[in-house]
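In the two complexes that follow, subunit A is the common piece, with subunit B as its partner first and subunit C second.
For the complex of A and B:
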């Protein structure tokens, strides 16, 4: 068991090294120094308290999305629709804020309602993908992808239509909400400790749900073998729906944080691609909750650190995305190689 | 097999440990580079599009080079500052990255960054801020706020657009002029309307039937194309050219209408385009380009940066027009117009006459003018104030296209 886990880790570290190697080659090909690029990215994400706080700003939604995806993956579902669930969370949060804009309720209560609203919005959108899967026979990958497009279209419609700025039709987004509707941020930093706490609570919740509960056990049974679980008397389609709802609520919370603590309004790209990035994180950690925090932090650091590349080295920031993509590819490849060769050796 | 596998795994672990052992040395490296002998004044620039977009952002970028050259200052910049390209970031956050690299003054180059520039300026009173195209510190404006470290700079592009509209009217055979609009706001309404006023003036002056002029605006939703989010400007240009609009004036950040005009012309259908923003924008397709009204941000940026350098900075609203003695002067004229190769000699002469009229004081923002829905805007002989022009609430009567979002 220990040997297996050590081998596993070694494979993943090997994949990490290989990915850095590939990106180094790309950098050398364009005449840039790989060491300088990695150093700038490292300093750009951990070089100061302010920079680390920016990393955390990206880490919070990414971790929430990853936590949610661990639940759907456990149930054997590819919830590509998570991106749209983040968007719907943001839309629902914006809706709640707008509803209470002129009310006399204490702002703290409005923020709480807005975040709960976001979770509900995300959960309902996920339920839609779930219903399509369970009752419509639509594969959740295709259903989710379709719903992602609908979610984007809905955002654009709202920004251009009912929620537009007076006299303006622009993708710039809705009018920013007043300061008191913002989740409280740390002084001089942009990170909200409340958001961070919510994200950590989310991953801890998922960890215990999957490792320590009867619910989690049955969910994994459904994920491992749907038919066998059904024959054993587990209400399988209900468990699929539960997993969609939980994932949607967590993704919705990510969208809510994007509105309540980062952008303070609705913008077209409010989900910032965290849904898709979360899928990569979940695959990279082989669906194990314990690794979610360090790997999500690593990905967030790459995103923030890569901002330095165009400023200091005139390189494109998308290098971070290349590194992330290559890394996931190598890890999956390593997994495949191990199953093919490692498995044969063991038997 | 299993043994070799384990060996490979161990080797990788050792390698990775070796890599992490390198880390401390790596983090110490930047220290020596951080102490140059005499530091030049550093200013930062946030560009909404790519620095080489052949339009709005490139005009700003080259103004930054101009400031470097004139004042010996140093520019650091970050381009593609928009939520589609830099997901999960905000302009004020990115401005702080430039400050961390030593910038003492930050230029926000897009109306999309207006709220962020206000937030940033208030949070960093020691850093000077230039917000291009905004009106936050215009005392006579509708959105005035006292922000001592912020200055607004904009060019009176109304003139450039009038010249563009005139060139279009002098060239069109069908009497149909298309305007490729970005998003809808005060600025874009007044600029599209200026193009219309110039077109109308030159169309009628050339003895054409006023009723035969069609001027249509189609908005794409942002300053440039964002796939899946905005309407495709190439498609919009194509729709114009294939439905009888033989001249399309660009109001967006890059001249995609030109390449489309070139395509149409190659297929045997003479089509023309007018670019925008950047002095050399016609180069994208010179044979179909009638000209380009452009911004020359350099002189005003140099003034503002210099005042920050020598301590005479004052928060102000700058709305500079062309230098009529030479609208293409690099050192004095904020707004210019470069004629394109496709402009006929005859049209060129007429256009020069129009520019001379403008220089002589002709003001097309004079009544009687109605808004698009027929509401009186300016009475007969009434000249629009700066506020009336800046905050134009609708397109003008006679123009087709949306005045506001549906």
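For the complex of A and C:
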């Protein structure tokens, strides 16, 4: 049996090949050429600087969300509510922008406050899921799922209610903010180096938090064995709450970037499903922070590359989602099979 | 139905839980199965009722015909039904629906016919069960009654009852015994598994005693209690030298403490524990000693009374407060509660030190682990995950997690499942603590261990607590009697 890092990598690559195989079969079944589809996806994401910038635009929130989820996963929590935490980050950022819309503060300061506000918004929304879990006995999966729906409804309410465009409210969102409220973008490209830096800082922060600090060690203890961690003297529920707060803040930052650097307003689907996608990335990398960057980049590339499919091949762009889903399933399946084999070998 | 067990063996890994058991149980009789925890009673009954399979080579014969039982469904098919200690029913469902479960075949149950059968059976045994009530609302005794008529209705002709008198009231017990006698008269075979001598003596036509996986003997009425106790626990062995009880300051004081959980109630226990003293808690599992030790740790809140640690009232405070005041608790379930699978030995020692600061000092952590591994003779490396260690080494690792200094150490089954070398080593480490004025309270099902290492002993039986017995003047036999519920009348009551 394959052991260690190298063995792991071999399994992941095997799963990757298998999932490409499955998607190829689906493509063949609908009469399309798999090679052409994959080539179009690749060109769609890495074919030009502009396209690669788009990949990075998707990569930034995905990486932030993944970073946050690594913290809650370390604490043994399934923070499905991360999607709503992204949304609340966006809402809070929008609120801060609106608050300072007519102020004389320098725009850079407003942007900073808006992003901090977004992080706070996400953290508070996560705290709600945490409180439900710790004091209400509501499983964080159910609590988070419920709060996701509430967050979506809240966005729609704000867009069509208090924050609606003058004249007629529309699904296209609130009135865009003035240009000076945008995080600075690269010339001719939609990517903000500031956003990219923030995302990379997020994952580096989480890596060191989990690998190098007593806080991270305690968090892992709580996640791996709540009872034993308590008996070892670790304040267990407090650590659960901390992990929710950190994850919420990072997810909130993702939402803030969506407003401050991508859409420049609040739109109904502001989170673009990055919360759920982040869950997949975290599962795929087996909760190891070191792999977050390449895998998140790969997922972002799939998302952006698949946009080309309807245009060039009349295929639906949800093919990227199928590929991602199948990939995660195969990796988890490989893990399960391996554990079963391991168990057999020992007994 | 005549039940015959021939040469039944069962290994769990290296543990030989049943060693060549031969037993004949004639039709129409009540057979008692007696033995302490871990004697192999449950294993044997699980084999008979299809929950586990015996090792190849053994045979089960019903009315002379060999049968193969692979599952509980097979067992009920050939007429063997088992009533578990915790009834295996479905609390959120109605009584009648529970009754229907396990019936084979038929997509749409005929509820009216079933309700009629249910009523007939319930009346026959004078059970008052409401078929439309919910199972949650039933007492343990009523759930047993439901389970008995369900098994009979499914066609059981051999009924196995595992510790059925735990958690039921005296009147329910009387009714249960009357029912079992009636069933035996009707030709049913009843197998009654218990550690309660009184119940077995009262009810059974014949008793088989198991010890350490072996059937050590059978007895018929009139029973001699002393003989049964001797068979259960083996001959008394000579005890090694013990330290005399020390008369130091009081570390832990329990004042009229009352405790409750779903199964039992403990009332008004008072006890003073002195520095350096060792108190052993004896009793069958689930008799209240686990509740008691967790209350001493602040893990269970007393419903009445006060708990003082070195004179400070800690009643109702959390374990973390107790821990800061110098109390450490080591649970029996090492990998479930004591240690954290996935973390290394080094991680554990670092966490137990409650380090301040932000960044982990790996070098210091490794050094600490090296020291502890050496001091506690643990076979493992600082970076070994705890789940990779053997049971004995996990236990040593747990001991190595104890803080210094401590006022009180609470241990659940500190040496269960360990080889003799580890047992001696662990107690030598604990006795070192005692010399440093740490008091120890521990639970063990090994009576010799209790008498060997304790200064005083508390015996638990169904929530009753004996006064502290001086271990030096107590014998294994006396303890065995008390554990089996005998001789409590002479003790005076609970006030310890």
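Methods note: the second predicted complex is superposed on the first by the 340 of 347 C-alpha atoms of A that agree within 3 Å, B and C clash if a C-alpha of one lies under 4 Å from a C-alpha of the other, contacts with A are read in each partner's own complex, and residues count from 1 in each chain.
Rule of thumb we're sticking to: contacts are C-beta pairs under 8 Å (C-beta built on N, C-alpha and C of every residue); 3 or more make two chains touch, one makes a residue touch a chain.
A quick note: this is a predicted structure, and the numbers were derived from the prediction, not measured.
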With everything superposed onto subunit A, say whether subunit B and subunit C fit together or clash. fit
With both complexes overlaid on chain A, does A:205 touch subunit B (first), subunit C (second), both or neither? neither
A:317 contacts which: subunit B (first), subunit C (second), both, neither? first
With subunit A at the apex, the angle to the CA centres of subunit B and subunit C, rounded to a multiple of 10 degrees, reads 130
The chain contacting more residues of subunit A, comparing subunit B with subunit C, is B
Could you look at A:78 and tell me whether it touches subunit B, subunit C, both or neither (first, second, both, neither)? neither
What is the contact status of A:232 with respect to subunit B (first) and subunit C (second): first, second, both, or neither? second
Could you tell me if A:214 is touching subunit B, subunit C, both of them or neither one (first, second, both, neither)? second
For the superposed arrangement, tell me the lowest C-alpha distance between subunit B and subunit C in Å. 19
Take the contacts of subunit A with subunit B and those with subunit C, and give the residues found in both. none
Please output the residues of subunit A touching subunit B within their complex, sorted ascending. 3, 6-7, 9-11, 13-14, 16-17, 35, 38-39, 42-44, 48, 50-51, 54, 57-58, 61, 149, 152, 156, 160-161, 164, 167-173, 176, 190, 262-263, 267-269, 272-274, 303, 307-308, 310-312, 317, 341-342, 344-346
Residues of subunit B touching subunit A in the complex: 1-2, 5-6, 8-10, 12-13, 15-16, 19, 23, 26-27, 29-30, 76-80, 83-84, 86-90, 93-94, 96-98, 100-101, 111-112, 115, 183-186, 219, 221-222, 226, 228-230, 393, 402, 404-406
Contacting residues of subunit C [partner subunit A, same complex]: 319-320, 323, 329, 331, 336-343, 347-348, 350-352, 354-355, 357-360, 401
So in the complex, the part of subunit A that touches subunit C is made up of which residues? 212-215, 217-218, 220-221, 224-225, 227-235
